[in-house]
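Labels A, B and C are assigned to the chains in the order they are written; within every chain, residues are numbered from 1.
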Amino acid sequence: MQVAYTTAEIAAFIGAQRIAGSTRQPVRDIAALSSARPGDLSFLGNAKYRSQVADSAATALLLPLDYTGEPKPDQVFLFVDNPSVALAKVCARIEQALWPKPLPGIHPSAVVVPTAKVDATAHIGPLCVVEDGAQIGPGSVLQASVFVGREARIGEGCWLMPGVVLGAGCSLANRVRLQPGVVVGSDGFGYEFVKGRHEKIPQIGVVEIGDDVEIGANSTLDRARFSRTVVGEGTKIDNLVQIAHNVVIGKHCILCAQAGVSGSTTLGDYVILGGQAGLGGHITLGKGSKVGGGAGLASSIPAGAYVNGTPAIPYMLERRIAVLQQRLPDLFKRVEALEKKAE
Amino acid sequence: MQVAYTTAEIAAFIGAQRIAGSTRQPVRDIAALSSARPGDLSFLGNAKYRSQVADSAATALLLPLDYTGEPKPDQVFLFVDNPSVALAKVCARIEQALWPKPLPGIHPSAVVVPTAKVDATAHIGPLCVVEDGAQIGPGSVLQASVFVGREARIGEGCWLMPGVVLGAGCSLANRVRLQPGVVVGSDGFGYEFVKGRHEKIPQIGVVEIGDDVEIGANSTLDRARFSRTVVGEGTKIDNLVQIAHNVVIGKHCILCAQAGVSGSTTLGDYVILGGQAGLGGHITLGKGSKVGGGAGLASSIPAGAYVNGTPAIPYMLERRIAVLQQRLPDLFKRVEALEKKAE
Amino acid sequence: MQVAYTTAEIAAFIGAQRIAGSTRQPVRDIAALSSARPGDLSFLGNAKYRSQVADSAATALLLPLDYTGEPKPDQVFLFVDNPSVALAKVCARIEQALWPKPLPGIHPSAVVVPTAKVDATAHIGPLCVVEDGAQIGPGSVLQASVFVGREARIGEGCWLMPGVVLGAGCSLANRVRLQPGVVVGSDGFGYEFVKGRHEKIPQIGVVEIGDDVEIGANSTLDRARFSRTVVGEGTKIDNLVQIAHNVVIGKHCILCAQAGVSGSTTLGDYVILGGQAGLGGHITLGKGSKVGGGAGLASSIPAGAYVNGTPAIPYMLERRIAVLQQRLPDLFKRVEALEKKAE
């Protein structure tokens, strides 16, 4: 990063509610409390690190309104409702400066079929392929080496990073961001076992991705056997996540890295899957339910449930059992002692 | 999808054994029993949904011969041996209409080295790379941005989707289908620890994929340290699956999403791995054996075995223990009570 | 492979300390002890296979100095300190013959922005994209369809295989090898929950990869929220591994396939993660610690620790509990019997 902001500029970006201390140093980088050096901006995003503020060498610190310490000389405290949100605003500003949005137009090396409808304000980067009847909406960016299949549709303000594959007939609504290597619209995994062989069931449905969805690098989303695989508005999916055919994911869900969802499973709104969690097929997760990291869930859970472990059970029970399991060696000894006594 | 078939046309495609009811409506889409609307084709593929047939609004329904209900007005029942297979036939017909096979030839943007042997009936799509001495057989399709390395061989009727990488010397037999982003022939993960450093062991073997194999999006198959990593005829591999070097997979296996197989492990024919299952290295899974979803298996299992859990144990035992584990809090109390009594 | 070496040539490559037996056959392939045929080179890399040496049909065998058997007629034993290392030397020789290093230069189909600095000895293969201000060092190879983002830096002797994405501002030191489909520099997975929506926290840091690192196919490494995600010198990462933002990995670590490391976690030098292991965020793994395959670790562990299971606990304890768990059905019966007696 090669940036420099005065603390006054930063206070203005973030709408600081109170400022304490002063400095003439510009801010040139961002760092965690404990590793920050002069010239850095830091922040208290998690109460657990509160004690590190006093020792931080950062030039400017974003702090919650209830923080009570005083800045050191040549150091500025900027008080805000939510330091993490404030930091995000600073980062967004830096992001714009560092990676400006590419200009509209189609790179000469891209292969765009004439029947495709590319909005004049869209950017089709080098070595992209856009097939028959595909539509690319206003301001959307295909960065490089992106594949958009037949009749696929991309709304406004989407960003498809290098190596993304959007299969035929699949659609992205608006402001969807696909990290590098994402595959949307691979075939669902469906076979019938006939005379000793697995006969392929054609997968002729699509994938529909809602507004403001983000999908992480190399994640895969299968097209429906028929009809639709759906990812609801505002849902965020991490890297290397697998979404099988006919899955329906609600709005504003969080799916952490390497989670997997089997076919025809439905997630309500605001569901959270921990990393490497695995869901069986044809089940339903109620609104706001949560599955712990690495958990394996084979049956439906109601709204608000929080499950953990494999097979997944209610979180508090799972935690209790995990502790008791470590006491099994002792339990076996105790039972043996009882048996001896009882002889 | 923009299709329309009469119910008589569909009855003919699938060889319906009996027809009940009638309609003049064409079929324009396919949907599940409970979500079907007029104009949709639906089917009873799983006995569990039998009760939904009577309420389904589908215009045409594919039903097993033993189904005893009657169609509603303006609705058609088509009776067949296996409704799922019949549906697959309809889907295959739709698939052909929607995604016609590309014409033979090499797209001008593809980079095909003159020493490569590309059959005149093959299709090399835009921005593909085909290196020295590679062979592409009759009717095979490299859709777009596919990489085929030196001396790699592709048989007849294969389909490599966008972003596939087929490494040097690796081979696909006939009718192999590789979903987007599949990597065949990455280096095996092999190092010797010498003087505090991991020294790379060159991986100079290949990967050989048999007839009618399908591999899911972004799955990875490593080339052998030497000799061959093998996937047998008819085996189907889902998305994000990892196959390590020198693994030998038999015929007609099923490997569900995110499963992983460590080096030099051998799977017999008809083995099934559940999603996220993990296999240790240098073990053997007998013919027709099955590993549950998320299970972790570190030792060999005989033909027909069905194991689950981590460490994986026989399925029925694992189920029983999973139930008993949930009763551990109670067991600890019971032992405590016994101890008090015994004092 | 189409190679042929005399046994004398091989003895010279590897610096054999002793030779027994003789043959006029050249070595044309490499195979495991049990599957080797005449014309093959084989080796005893693992004492477990010692009994297979006597029956091996290999023409030449690499054996440890303490092996005591005699070769058959027309067979040669080559004795060395470490047969696996010796084999690696043979393989490296074969590798050079089979896959010669590409010549320097930029393929005409590559899209290299004029502001990029490409060393004259580097090779930019077909259909690569190199963006503004990127630097490619001496002897580095971008094989095909590789993307190198703005201001990214690649040192000397690196090899980026087909489909690799190296994001803006990220850097590879020297002799880094990225297998096909690796993504370095995708956005970290960071959101703030504000008014019912997940607001993206811009991820403006980078990824820094040290000397001699190798990363397996389709693995993903996220850029830091700010500052750096780091992979230390000599670390080897297998396929489909997920490294989240702000992770710091030490030197000479081994991360097996499908392992996942959550955000801001730190691995000391020489840490080993088994396949499918999952680490929580914001924890520290001490130098030389080891996490078993499939284990789930949510808290820090000290140097030298070896943990297993989910939740991960010390390896020996986990093994003992795994055994006791299988005896739970029996334990429940024993407690029941005690209860009856105590009535």
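Quick note on the criterion: a residue touches a chain if its C-beta (ideal position, glycine included) is under 8 Å from a C-beta of that chain, and two chains touch if they have at least 3 such contacts.
The model shown is predicted, which means the values in this text are computed figures rather than measured ones.
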Exercise. Work out which chains are contact partners of both chain B and chain C.
Key: A
Quiz item: Could the interface between the copies chain A and chain B be described as same, meaning over half of its residue numbers are common to both, or is it different?
Solution: different
Practice problem: Could you tell me the distance, in whole angstrom, between the mean C-alpha positions of chain A and chain B? | Solution: 26
Exercise. Among the residues of chain A, pick out those that touch two or more other chains and give their numbers.
Key: 109, 127, 145, 163, 181, 218, 240, 258, 276, 310, 325, 331, 335, 338, 342
Quiz item: Contact residues on chain A for chain B in the complex?
Solution: 109, 111, 127, 129, 145, 147, 149-150, 163, 165, 167-169, 181, 183, 186-187, 189, 191-192, 194, 196-204, 218, 220, 222, 225-227, 240, 242, 244, 258, 260, 262, 276, 278, 280, 296, 298, 310-311, 313, 317, 320-321, 324-325, 327, 331, 334-335, 338, 341-342
Exercise. Could you pull out which chain A residues touch chain C in their complex?
Key: 1, 29-32, 35, 82, 84-85, 87-88, 91-92, 94-95, 98-99, 107, 109, 125-127, 144-145, 161-163, 177, 179-181, 212, 214, 216-218, 234, 236, 238-240, 252, 254, 256-258, 275-276, 293-294, 309-310, 322, 325-326, 328-329, 331-332, 335, 338-339, 342
